[in-house]
Amino acid sequence: MRGTPVRGLIPLVVLLVLWEVLGDPASPYFPPPSTWVDGVSPLVESDRLLPAIGDTSLTFVLGLFIATVLGSLVGTLVGASRPVDRALSPSLEFLRALPAASLVPVAALVLGYTAQMKLVVVVLPAMWPILLTCRSARRSLSPVLLDTPRTLGLSGWDRMTKVLTPALLPAVLLGVRVAAPLALIITLLVEIVTRVNGLGAALGAAQSSFLSAQVYGLLTIAGVLGFVVNWVVTRAETAVSRRMRGTT
Amino acid sequence: MISCDDLSVTLPGANGPVNILSGVHLRVAKGEFVSVLGTSGSGKTTLLRVLGGLQSATGGRITCDGVDIAGPPDGVVTVFQDYAHSLLPWRTVRRNVALGIEKLDKTERDSRVDEALAMVGLSERDGEYPWRLSGGMQQRVQIARALAMRPRVLLMDEPFGALDAMTKASLQDQLQQVAELTGTTVVFVTHDVEEAVYLSDRLVVLSGSPANIGLSLDVPLPRPRDQIATKERADYLELRHEVYAALGHKVGERASG
Amino acid sequence: MAERVNVLGAAVFVFGLGLWELLVRTGLLTFTYLPPPSEVAVGLGELLGNGELGTALGHTLFAALTGWAVAGLVGVAAGSVLGLVRPVWTYSMASLEALRALPIVAFVPVAVLLFGFSVQTEIMVAFYAALWPILLNTINGMRTEGRLVETGRVLKLSRAAVLWKIQLPAATATIVVGLRLGLSTSLVLTLVAEMVGNPAGLGFLLVTKGQALQPGQMFAAVFVIGVTGIILNGLVMGAARLAFRGQLASAGEA
Amino acid sequence: SDDGDPRTLRIAHNSNAAALPVQVAMAEGIFAKHDLKVEFTKVENIGTLPGTLGRSFDIALSVPTTVIAAAQQGIPVTQVSGATIDVQDNPTGFVIGSKKSGVTDIKQLAGKTLGVLTETGTTHIATKAWLKQEGVDPASVKIVQVDGPAQADQLAAGRVDAVETVMPFATGILADPNAVNLGDPYLELAPELSAILWIAKQDFAARNADVLKDFRASLDEAEEFITGNDEKARAVLKDYTGLPDAAIKAAKLPTYTTEIRPQDMTVWLAAMREADGFTGDVDLDALVTSAD
Amino acid sequence: MISCDDLSVTLPGANGPVNILSGVHLRVAKGEFVSVLGTSGSGKTTLLRVLGGLQSATGGRITCDGVDIAGPPDGVVTVFQDYAHSLLPWRTVRRNVALGIEKLDKTERDSRVDEALAMVGLSERDGEYPWRLSGGMQQRVQIARALAMRPRVLLMDEPFGALDAMTKASLQDQLQQVAELTGTTVVFVTHDVEEAVYLSDRLVVLSGSPANIGLSLDVPLPRPRDQIATKERADYLELRHEVYAALGHKVGERASG
């Protein structure tokens, strides 16, 4: 599988063109795409857009990164050991189901209204897909593949870096693909809820001021942000999968 | 050096746990070459996995140099029957062979890899990925990887099973030479009676269900052995005969008589 | 069935609750917003007593499970097509990737406009949230090992039989992971939709209990949400083990 | 009832005490007496309501800033009744500082963190206007949104230095000895000001003037009832807010009014221009439906 | 019935495309049993994949009953060398064997599965998952699956490679009997010269690089053959000798002389 071809954007473009042509330019709820640029221009003029994109990107990417590290570690651990899996699963399952919005005040009590607080709230749900895909990939690894480095006397570290990590990498990246939009959603949600810096804060403000063209403009920017990260991860995943062809 | 006493192994099965091995006593001396024979499914692979520290026994005691085996002991390397799964598909042949010796400095490592690849006749294919190789080639990569480690003990599970007669003979002799030169202890699972007799100091046959060692036979043929000279010896032919008979096999016996 | 009851996991969970209670009792944690488990238990009793909890839970479960089930059907079907039919993948995957990147929470107000304050809004959100993990995992699971597909061809299975007997079963463990992910995501986003959109269900219950300065009841709702997550996941895994015994056994999940 | 019976009103409001008259009117049969049927929906997030008028609801509780912003974006809503009014001896808005953070006066907010209910909300616009009046640059105050129930903890924990809030949260926050009430930001804009009101879609209001008249009349009667039957009224309040008994007992009810006060809209528009850089042109006349 | 003319196959390699087979001419008549020999990596598996319609040739013409092969033809079943990857891990042994005949009605299907499992000696393990079986057992499951199909043409890639001598002999005879009874055409890749001579009507040796058929040898031993009687015949021993010689292998020749 190669990277996702750009041709695949055709249906989306058709949809947007239809919206532009058939949409009512005066609609307060569904302004056509051509109005979106004007919608966000006040933010550009007041120099608020770029910092907002920066703040959101930072939380999103950093959150996703931490979630990836934690998710693959915990996922590998619970995938490798049934007792650990049984001990941790219900608690993890419980935490996962908690809505981010009700975690915000709790996290804020401990960390204040800071970027770290945003990170904590983002990491928990975002690590879940990575944890689960990693866990199931670890479970279905061939025992012979796992025995090989042991019999060759590789140290624990070498077993992890030279065998386990490459073998689980495709699964981790699949998990990251699923987690990326989730991390973005939660980042925006936390920003909407707290109005702590970022696109979500701008989005929330625009929404409560009924600036729908600005809302769509900001959503598009957020969407592009998510798409770019997705695209990078997908590229990485396809490149890795191709190298792993023997196993897949 | 390797010994197991009253070894038993139970594995999960569709209808509850199954007792695979029971009451197995085996002692392999340093530098000894022991072959393990037995019908398909008798438990040879399981026994080898226990000796290699890859599978824990349900009962009995297994030691290597007097130390209880828990995990693969240093210098004990297993060559797996399932070669397809034991090669890392993301590494080239060369890097697969180097996997166990990457702590060595580059010159030493390279020379060992080159040597091992030459032994198995794959010097030319060192840049290839394993999934582009034929079955027999993959098996040889695995053997090369084990040889590059220069192990004290080699546990080999049907290592030459997927090889044609000529390649097999050549590898048998390479193995024989290496073992003799370095004093390597070898436990060798095979289906090939002639190969077992030709290579071994002793051969054991797993039989029964749960399996244990039904026959143990010394092979006092002089070393070094030779594919032509040894196989023409009367005592070689007699031993072969004896093993076939013990396996209840009327064919090889007569056909070669 | 008895050994399926996860005593160890329950013990760890209860230990966590105990620790929290201890922290509050020793005064290390003193927040009115975040009550100790004992107070949450009282709140839980009150919510159970007046019947609010049952109604809200029923509503949330209905919305989340409906959205999830539809996403399951659509995701597995579309994922199979995308995973198996090259041109479809080529000419639509990038659009899906772009749509997937859109933050659904921000669309809740729009969904409220389209569907009004109705359970449809929540079902839409639950569907959208659950669709992506199921879709991606299905597409990924459809990369069946070449030799298995060849086996089907050699045995002269029809294209449909190869799909049904080889490719889908080979993808099952992966799809089940997608379904589990989809389930928790749809539950969580249904709650978000209830918190900011349709005023019903557990999501609204916890907002309104917060506004009513009843932190015990509010966190009782949060607790119920978490436990619901555990139970739903257990049910999905249990059902999957029953329905796909071999697939899960070979994936080490039995 | 856009498409059904105009005398059946679908009403949306939140847990605010401002909604007490409609609930009392319902409970005491006052609506029925005026030949009105009503259905209530409690929605905590009333910011989304303007868009739902005419679809899910006929009448909704709202705030002036929302009405102005919505109207400016072409959403045709209009005020159809007053709800509450802030007067000097009965304020409903609060800015509360923390002694620990050294905020005992509005001027000390510069450089501090202020927890607000909604950044775009009425209370915050008023606070910003107030800050400006006091010579403090609102941009120098760091704003975070903190949900009412969480405000007391966040202030006590020092996560915010001051909060801007309403009833019933103010009671709990002020219970902390470190908390200091800095004043009601609404009353800094005008000696009397309405900050909560009832809205409907403009065409609905135009077509159903008689219904709305009966609606207001019902609320007026309900207000009288509240004044005369404190205990009964508080029981209703408890019923729809779910507040604990202590809070119900301690609650100070706001001053109710059904009066539509165009002058208040003018004050709010000015405050938005002044404090929020609001630049749009709004026809304020369309935003109020004349009472007669 | 199967024929290839001037067949050539090129596969991708680390350093660009590699020509694996070139100018291969092979004709297998209906009911004929042809063995393919060759050193490890010579291209036996590749040839079998082309004949089975699993791999398209780069050049030449391949037909089955006069029809060009594009995809596996009806009634042609391949038994793969890497048995570990060819079984569906989520299906029990019984359901793996039934995979190709699920269109048949239940009674017929069950009786065919039972029969096939009995032939390979796995009747008792029919409820087990394949990953709980030993290597040789897995290989036998794959053989049973092919036999249950009752194919016109069987393409077998080292099918008995992982089996002990006794199990192997028994399966050789089962296969022989089935082929004779049903007129099945068999192309059989093996490393075992004695097996090739014992079973075949003709054997071909792949050699060279790119490989083509270097030797084609008729085996005019009378049928039915017998593990004892046939292997005692002078012409059997002679043929065996001849093949070893052709393979450049001095050992088997003398050892058995």
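All chains are identified by letter, namely A, B, C, D and E, in their written order; residue positions are counted from 1 within each chain.
Everything below uses one rule, namely that a contact is a pair of C-beta atoms (placed from the backbone, for glycine too) under 8 Å apart; a residue touches a chain by one contact, two chains touch by 3 or more.
Chain identities (UniProt): B, E = NitT/TauT family transport system ATP-binding protein; C = NitT/TauT family transport system permease protein.
Computed from a prediction, not measured in an experiment: that's the story for all the values here.
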Return the chains common to the contact lists of subunit C and subunit E.
none
Which chains are shared contacts of subunit B and subunit D?
A
Larger contact count among A-D and A-C belongs to A-C
Which chain's mean C-alpha position is the greatest distance from subunit B's?
D
Any idea how many Å lie between the Cα centroids of subunit C and subunit D?
37
Please compute the C-alpha centroid of subunit D, do the same for subunit E, then give the distance between them in whole Å.
85
Using mean CA coordinates as chain centres, what's the gap between subunit A and subunit E in Å?
51
Measure off the straight-line distance from the CA centroid of subunit A to the CA centroid of subunit B, and report it in whole Å.
49
Of all the residues in subunit B, which ones touch at least 2 other chains?
82, 85, 129
Could you pull out the residues of subunit C that touch at least 2 other chains?
31, 33-34, 109, 113, 145, 195, 210, 218, 250
For subunit A, which residues are shared contacts with two or more other chains?
29, 105, 109, 207
Here the pairs of chains that touch are A-B, A-C, A-D, B-E, C-D, C-E
Quick one: which bits of subunit E touch subunit C in the complex? Just the residue numbers, please.
52-54, 71-72, 74-78, 80, 82, 85-86, 88-92, 95, 99-100, 102, 129, 131, 145, 149
Would you tell me which residues of subunit A are touching subunit B in their complex?
142, 144-145, 147-154, 158, 162-163, 166-167, 243-247
Under the definition above, what is the set of subunit C residues touching subunit A in their complex?
6, 8-13, 16, 31, 33-34, 89-107, 109-110, 113, 132-133, 136-137, 140, 143, 145, 173-174, 177-178, 180-181, 184-185, 187-189, 191-192, 195, 203, 206, 210, 218, 222, 225-230, 233, 250-253
So in the complex, which bits of subunit C are touching subunit D?
31-34, 109, 112-113, 116-118, 195-197, 199, 204, 207-215, 218
Which residues of subunit C touch subunit E in the complex?
145, 147-148, 150-157, 161, 165-166, 169-170, 172, 244, 246-247, 249-250
